[in-house]
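Across the two complexes that follow, subunit A remains constant while its partner is subunit B and subsequently subunit C.
Coming up: the complex of A and B.
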């Protein structure tokens, strides 16, 4: 058993062909997760009646149950209770599962970002005759965004990697392609290493973009150089 | 103002990513999951792990190949059906069958009693059985009895797993059974000495040992257990008639020697000899 470097390189174009589906599922899930996460965060911080306890249970479920099982429950379990769910395709199921799961995590990130901004600032805003919405939009939110970016970036990278679970319900992604390739040649190590390297590259690029974004939102905190 | 700029910028960015990937996605599915076909033909949706050569695997271009594939193609062709392939992790395959995402499974599926209780099977198209993959220098594993106290790998949830669990239960639970989620690293585990043996279908094991070039061998000549391999369908009235036609086609291929030809083409051992009952 010898490591076949040439074979590994030859897999690159075959595997990278499935990069778009990985980015599509990962990115769309991430955007939806931000949306739902914000909603969850607003609802939980305001402790809205009836909704609050229900939401607590939902968040606890999404945080507590492994992703793979959530995908199974949604894709195979839900159609047994709601027959209309059976028309849902596999990609949709993965996106729903990933986005709701990570919305639960992100809602905690957003909640902590909100709590991190000193309450006195909000009160100060109101004291100078700003409306609630003005205070949130111009004072609180920009600070929240700055605090929430680093952990959110973490979740984005995690979600990109979690897309490899999609093959369980029949979505061919990079991981699946590598498995199918290696099944013929039995060179699993080479194939998996290649996939690992591609995922690593994506994560490096995303981290770079994140640092750019961080630099941008940090602007008010930097001393003017000019 | 700045926030607005960030927000609108990110919104535009997200939308463009979305649109771009949407386009890619639709292209992808048509290219990989559906063979371009005319709309008049009926479609048989077939699921597989795609990682079970020489019965089923996927070539460079993503086209399925192997003994199972050719048998299915011949059968569906004479019945006037097109095959639509779906590849998924084996652990998800039967779930997809139950949920109706696929009509049948092409993965050298053994028609075991437990499965027959739940699914209707076609006539068998292959016959083989279980064997043990052991290190080349092995001398002490010569029967299933010898596995007692040994660490044996199985593929999680397949029929060999169930067979070994059952045997173990009836014989004192002395075999240390280690289930694996997929076959990727399992033969290496035996070669590295982390497992004493791995239980696998003889015919796939023989070709894998040869192709992978590992210092392994099969433990003996006979099967630990015999299996008939067939295509499973969900039990329903509407499937019944189709299944009868489907089985008749397989039997025809068996009788006119086509199955034997395909077996010679793909596999090192003749898989078309029925077990003695």
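Coming up: the complex of A and C.
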């Protein structure tokens, strides 16, 4: 069996050096996805005329076309029609593609979270004279967050992993580094296994943090004396 | 004074309220009884615009809404005169008992957090919930939740409190504690109250006036004595007879 364990370990610092860019792309895309996801959710639940069918098609596109193809369309294809896009750097392209794609998914998460909040909660807000905005901010949104955290956390982890597609348009990230190493030494298994293990570790850590967060927001819903 | 004139409400082609006229004096306690589906709850929910009626007008202590021509501000002014206690409590699930009472005061009455919480502590003590202030609704029994609901409604100092079947979701042994809190509100706060209820004893013993509703209209109204001892309308008689029959059956089983 040919497996260079020492070589694999020696790659750890070289690859992990690019962890910041991975976390940066993944996290910024996630935050933008939440923002656009909320916007999509508001627009689709209110069924605003004209905008609604257009949005449905857009959401369907982001959900239906594979991420890699979306990145290519945006980075290599779009400048053909919008020449100004050609000055867009690769990191920006990945962030735009990832955030819009996941905004489409998250909008469905938020919409179902909104529908899952008991209608009586909003009525109670009105009965104590709260405005729509006060009701949303103090009662409805906090209850939505509780419902939305488990699926949203999944999307965050998925997005962090999807950043590994960025190397295909020239972003130097962990994957690009691993590929470079493998190309030089022909030790493909060691290089790709190492980068895979690092992603796995990130995912385990994020899952752990998510469960902590869930425990925290579940506090009002646990049967225990305060 | 509360003055409701010619209130009509329909869902599509189904008429739920077919012209309700009602005047209620300040401090009066009105119980609304009647068979299920008679429009009692819908009527109550129309008063604070949780449901929108289509025809008629509602006036509460100077705040008036004409249903065929009104704006948001008028609805908001009308709501400020009302508080509501819900059948399934509808406490804010993400807030403690204290916050359930204090937050609405803080948000809608321009009150500091400290002042609002002081008021909430006082009101929760009045409904017998000292020591439970920091419990979330899930850690309270149904009866305790409903008492928080009553404190929440009282905190805003509304002109009228609307009770929508406040004891219907409660286990029988918890009904008493909620009714006794309602009694003490009547005694000590002299608040105008409209109570949709299936508790005939409560209607008979506590209300100043009893209204019998059926099929979207007020069939008959009067003092508890008039309605329970000497009903005039056949529908009222039938309803009360059925009620008594069921009550007796229930007692026989026991």
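Following the convention adopted for this analysis, the second predicted complex is superposed on the first by the 221 of 226 C-alpha atoms of A that agree within 3 Å, B and C clash if a C-alpha of one lies under 4 Å from a C-alpha of the other, contacts with A are read in each partner's own complex, and residues count from 1 in each chain.
Please note the rule applied: a contact is a pair of C-beta atoms (placed from the backbone, for glycine too) under 8 Å apart; a residue touches a chain by one contact, two chains touch by 3 or more.
All values reported here derive from a predicted model rather than from experimental measurement.
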Which of subunit B and subunit C A:168 touches, first, second, both or neither: first
First, second, both or neither for A:81, with subunit B first and subunit C second: neither
Subunit B versus subunit C as contact partner of A:223, first or second or both or neither: second
First (subunit B), second (subunit C), both or neither touched by A:129: second
Contact breadth on subunit A, by residue count: subunit C or subunit B: B
Which superposed partner A:142 touches (first subunit B, second subunit C, both, neither): both
Which superposed partner A:121 touches (first subunit B, second subunit C, both, neither): second
Subunit B and subunit C contact sites that coincide on subunit A, given as residue numbers: 138, 142, 219-220
Residues of subunit A that touch subunit C when the two form their complex: 118, 120-121, 123-130, 134, 138-139, 142-143, 146, 219-226
Subunit A to subunit B touching residues, read off their complex: 1, 14, 18, 20-21, 23-24, 27-28, 31, 72, 75-76, 79-80, 86, 90-91, 137-138, 141-142, 145, 167-172, 176, 179-186, 188, 192, 216-217, 219-220
Residue ranges of subunit B touching subunit A (in the complex, touch as defined): 2-3, 6, 14, 17-18, 20-22, 24-25, 28, 32-33, 47, 50-53, 57-60, 62, 86-89, 91-92, 95-96, 98-101, 182-185, 187-188, 191, 208, 211-214
Partner subunit A, residues of subunit C touching it in the complex: 48-50, 76, 79-80, 82-84, 86, 88, 90-96, 103-104, 107-108, 134-139, 152-153, 156
